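Below you'll find the structure, written out as structure tokens, and then a few comments.
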Amino acid sequence: MDYFYGPGRNHLFVPGPVNIPESVLRAMNRNNEDYRSPAVPAMTKTLLEDVKKIFKTTSGTPFIIPTTGTGAWESALTNTLSPGDRTVSFLIGQFSLLWIDQQKRLGFNVDVVESDWGQGANLDILASKLAEDTAHTIKAVCIVHNETATGVTNNLAKVRKILDDYRHPALLLVDGVSSICALDFRMDEWGVDVALTGSQKALSLPTGMGIVCASPKALEASKTAKSFRVFFDWKDYLKFYKLGTFWPYTPSIQLLYGLREALDLLFLEGLDNVIARHARLGKATRLAVEAWGLKNCTQKEEWFSDTVTAVLVPPYIDSAEIVRRGWKRYNLSLGLGLNKVAGKVFRIGHLGNLNELQLLGCLAGVEMILKDVGYPVKLGSGVAAACAYLQNNTPLIASRI
Amino acid sequence: MDYFYGPGRNHLFVPGPVNIPESVLRAMNRNNEDYRSPAVPAMTKTLLEDVKKIFKTTSGTPFIIPTTGTGAWESALTNTLSPGDRTVSFLIGQFSLLWIDQQKRLGFNVDVVESDWGQGANLDILASKLAEDTAHTIKAVCIVHNETATGVTNNLAKVRKILDDYRHPALLLVDGVSSICALDFRMDEWGVDVALTGSQKALSLPTGMGIVCASPKALEASKTAKSFRVFFDWKDYLKFYKLGTFWPYTPSIQLLYGLREALDLLFLEGLDNVIARHARLGKATRLAVEAWGLKNCTQKEEWFSDTVTAVLVPPYIDSAEIVRRGWKRYNLSLGLGLNKVAGKVFRIGHLGNLNELQLLGCLAGVEMILKDVGYPVKLGSGVAAACAYLQNNTPLIASRI
Amino acid sequence: MDYFYGPGRNHLFVPGPVNIPESVLRAMNRNNEDYRSPAVPAMTKTLLEDVKKIFKTTSGTPFIIPTTGTGAWESALTNTLSPGDRTVSFLIGQFSLLWIDQQKRLGFNVDVVESDWGQGANLDILASKLAEDTAHTIKAVCIVHNETATGVTNNLAKVRKILDDYRHPALLLVDGVSSICALDFRMDEWGVDVALTGSQKALSLPTGMGIVCASPKALEASKTAKSFRVFFDWKDYLKFYKLGTFWPYTPSIQLLYGLREALDLLFLEGLDNVIARHARLGKATRLAVEAWGLKNCTQKEEWFSDTVTAVLVPPYIDSAEIVRRGWKRYNLSLGLGLNKVAGKVFRIGHLGNLNELQLLGCLAGVEMILKDVGYPVKLGSGVAAACAYLQNNTPLIASRI
Amino acid sequence: MDYFYGPGRNHLFVPGPVNIPESVLRAMNRNNEDYRSPAVPAMTKTLLEDVKKIFKTTSGTPFIIPTTGTGAWESALTNTLSPGDRTVSFLIGQFSLLWIDQQKRLGFNVDVVESDWGQGANLDILASKLAEDTAHTIKAVCIVHNETATGVTNNLAKVRKILDDYRHPALLLVDGVSSICALDFRMDEWGVDVALTGSQKALSLPTGMGIVCASPKALEASKTAKSFRVFFDWKDYLKFYKLGTFWPYTPSIQLLYGLREALDLLFLEGLDNVIARHARLGKATRLAVEAWGLKNCTQKEEWFSDTVTAVLVPPYIDSAEIVRRGWKRYNLSLGLGLNKVAGKVFRIGHLGNLNELQLLGCLAGVEMILKDVGYPVKLGSGVAAACAYLQNNTPLIASRI
């Protein structure tokens, strides 16, 4: 059964959940099996090894948790911090807001650094806070690598540098939900202490796995962290890692096989090529937006996101109508504007297992929708701009040369 | 395993096999079962009833044969004609050529009416042949409704009219492989005696079923037709129809369930809406071709095909290179030029379960490829032309209004 | 890829995860989609209505949580209780032990009522505790309906009666993980305040959904319960229920479609017929065990479980070797003995989408394994006993009469 | 949608179509693709090489034809023989009867050697016919390796020996539909000129591919064979083999990927192990039949089939009722008795991707059905006999040792 059937493919351009590759769907199309047989641990072992590669870490310890990104946040925070701990956290959009909200509900003393929605994390303020914090009351810097609501990518290398400059021991906790496997992410090099993502984002899987990776320092912190946690306690995982059975509770067999295939595809394409592909699609999208005469919600180039573009619409247009129209007329799924930017932006997700022509179909659709809702777009203009770039920059498919 | 993996979806725009809807893939994802149990005949009964609707016939008798389109041709011919019988057959492209070749190999006396590739069947010659044939030596008029190699649609209503005008009793045998379920087709109204299609075309299924529908007159002819046939003999089917077990040999369970779902989708959308959608996508494609400054292989508007467009390229370009490039660089599958038009045309198939944005992605890809191979296309021009039309003419998706 | 491939089907008889029906696998074999489009809420609405039927409640409020059974436990407890609250909890096997352990870690004052493993909850002690508790210090009675480790089913009607007899206001929290959809379960009639299950048990889905259902009294309690909770907080769900968007964070689209189909299958068969089928398979299994001359771990008939049978082996046999052997030689997956009964019992899960001949294949396999490991079983004896019962008691398949 | 839904798995024990392994279902769960791209020929090349292994030939030329077993018969005959040619053909059951019928319809002069149904081919008569035929009027010996209707396996080595003894040049055409990939089959060693099978039999795929393999002698014969053929003409395949594109008409992409996986599974298990497994399951079945006090339709041990057992029922029982009852009550699919043995035998297919416990479930089901229909079977007796054998003879699963 399909709800609201329309002919042809759904064009899925929300910034997650994203398109699942056919071979991943195939890999998951299987019956349950006994997760205590030798097969599941044998597979899990390879997964835990390989999943580290997407974080670019060799020293980290990954946890594959049957939960969502929200649960992964809770896992990251509760295992490393204690109630009342001071965190510095950047409010730059809806997802950082939700994470901050969670931090507050978890009982931390959240030092919120707010920016305009469309700007990145204010790192100058971070620097000054760290400078002042000679007593090291700041226990963690919490930052969303890529704010999915506004299409803003923060500069994590710079965050690390600032922490190093002040020799500040705060943990660096990073939400990589809409960045890992799509944007350049270097857990070890950037000294990230906990990084996390969700299966339904750039990994291109169904929802259901929160993947959290902890540095040795984070693991050490977890031994004394007093935050309340039971389901999300890393201790249970670590115990079963030692036993070699890996799972404190039943995993989703299907998602494990899906993850295996998803990782195989990433490595087959090459993680650097995957990142380059995202950069290419992000750039093409921004060129289209420019050609349409519209503004990127993201205010400066340094913050441009290669996984999602939030497009500002003129005040006389309700961006929600654009999204509705896409779904109703063109079987196109775009992202809504959320909270402060509701009605003001619509979002084009361009992450995961996606290629040039898929994106161009979406951009053509957006052009027609813009016209539908009364914006005087020149039809073809965005596609032309994107094509001009892509035609020059798309490599041959490696396996087909 | 995938051969030659590339990221994202394959953009399948060959004029068959075409994209299979997800729900059809799901329906076919099943184990074998006993085809002699009550379940398979119960389903078959509904299929035989419903499949008549796609031929727009109430008096016809359908045969769902585990074969390809080529086998369906053989079934149509051998069951209705005898060796040495005179057929009038129109050579207008590669597929009509292959059918004519088969007719010759099957021992018929084929009266070939040739046109330039890019033109439709020459019906004036048909008229004169029928006029002359007062002895009724012509036993069948064989015509390809839509020539897939050149994108030419023949006017079947006119063929019928000519036959009627001369009160000629010849059978009318129609290859509807790339038309049925996509173009307007009216078996009863047009007095078609045998119509046939293949599952991998507008029905949007895998290859493996040739569907042949016989008029009462064709069934009558089969009683005396002396052409050699065993596997393809309708008699065996008719025998099992009477028994209520339906299958003289083992059918593909999976394709039956797939056909059930494919028909359900067609009826859900509405066969007339499906045809209108093909008309819309065909028109949009032709507008793009025009905007690119290229010529349609089809020489007159009356023959324009709404399921496939063959595009002529300038002499300095090898159209095969366009196809190769599409596959190698953009994961786009276009149709080659075949035989007489090899190197001269490439083909865009726009049939089956397809929507506007899928097509626009393809058109954008073609633009980039044209540039890749040195044709001075204005990027965005074709998409712009197609969008201008589609934005005005695409209805809301009925289920989502 | 399969790890450790063997020919033919895997015979999955662990008491969860269980076999997924083919039609449910098909239903889940789909791409992601935008969960904020109108389609997902429309489906969710029907799911929330229909899922109440498997709890036999009209007044309850269900929560479909992207988590495991362990997470569902945490959801049930933290939303209704406050740290330090006294719970009465029955330790009768490994899963009740784990739940008690969780209750302790969650900070409750757990009053453990222990029984021998193989016995049911000691309800006399419950009665005396309630009798003494005139001050109503007991805030909740926590009970596992069916202890999966020992195959013991507790009598919930009796628990309710005792609570009623003493007019005790304690909440009744029930782990129905290996009972709901398989054993008779009546949330409203038995005054259960929170009931929960996991998708991979009798619902016959993959792991990944914890389904929790709260009575009005439990919902009321959640308003004042002080236990720490964020991810598992019902409040977030209730907020989104009101908004009509239903999901505080991204659900698994695939599991939702799977749940839709799983419920449809349950209702098609009829919930009472499903329960009767489990009773039949449970009885057949116990007759086989008896015929083998082995003992059921469950000490009295009143506690016999119709979803899992734990079989005691003679002291000279290691039950783990039986499980290993089943997997290595017969592609049969049996349940290990856990904790106190490790090495002493093996378990046959007979829950979920299962029929008579599947079970008989398993029983035949167990007989061969018993012989393999040196137990002097009379081959065929267990199957004969089971067949004698099943041949007399298996109804015709309703749809095939 | 399922027709006539029943809980749990269908137990598919008709002698084809047989159970498809999950990994093969997965492999086939894919969209169409362009069969003229480099991917399909690349895969086809490996398939044509590997498919020779299941025939045990290095010199043969395989044809993978989009048809059924019936079509494969026609392909074998029409490509090697001319109308009027004398064939010696053995009538020993329904499928040999159908093949003989086809041979007659195809215009051959069929010299039928009939045996009682339940006996093998009468090779003494073959010998005497060959002895007499010094003029070599016999052009082909046509033999069904395994008669699926009666469970009789003919001795092909002996047939070859007789041909050699008389230095007779007749072609040896073998229907291996229910033998190849399950029984010992040696095309080269036995000098088989054309061997054929269907995908839905021991290859454990859906119906839709007839696989025919021709010896050099058969290929040579095809150059002069005058039988009428177009769709089934090997010439077209050979032409496309030379071109390296392999397909004269559109293949089923899905079946090709399925065949790839099916072959991989066969080679992973080891073809000799696959054959040994079939021998084991066949033997176990026959022991059960004996224990039930019933007779094998096959009259002598030398003809016992390891892929299908036809069981004779007492005259007061209608074997069709056994089949109906299996389906209606136990979700068990058994084979009907056909033609001469209709009502007298039911058939247990034990071929394809099947293991011991699957078979034992079936045997237990048959016992209950026998009791259902009034046969005084001792419940458990057949399973006991089968278990006694299997427990001694089933090897550990190689990958799990």
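Think of it as A, B, C and D in the order they're written, each chain with its own count starting at 1.
Operating definition for what follows: contacts are C-beta pairs under 8 Å (C-beta built on N, C-alpha and C of every residue); 3 or more make two chains touch, one makes a residue touch a chain.
Which chain is which protein? Per UniProt: A, B, C, D = alanine--glyoxylate transaminase.
Note that the structure is predicted; figures quoted are calculated from it, not measured.
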Chain pair equivalent in interface to A-B, over half of contacts matched, among A-C, C-D or B-D: C-D
Between chain C and chain D, centroid-to-centroid distance (C-alpha), Å: 44
Intercentroid distance (Cα basis), chain C paired with chain A, Å: 35
Chain B-chain C separation of Cα centroids, rounded to whole Å: 53
Sequence positions of chain A contacting 2 or more other chains: 2, 4, 19, 22, 25, 27, 29-31, 38, 327, 400
Category of the chain touch graph - line, ring, star, complete, other: complete
Contacting residues of chain B [partner chain A, same complex]: 2, 4-9, 11, 19, 22-23, 29, 265, 268-269, 274, 277, 327-332, 353-365, 367-368, 371-372, 378-381, 383-388, 390-391, 394-397, 399-401
Interfacial residue positions of chain A with respect to chain C in the complex: 1-4, 10, 12, 14, 16-20, 25, 27-40, 42-43, 66-71, 74, 102, 105-107, 198, 200, 206-208, 228, 230-232, 248-255, 257, 260, 327, 333, 336
List of chain C residues in touch with chain B within their complex: 22, 25-27, 29-31, 38, 400
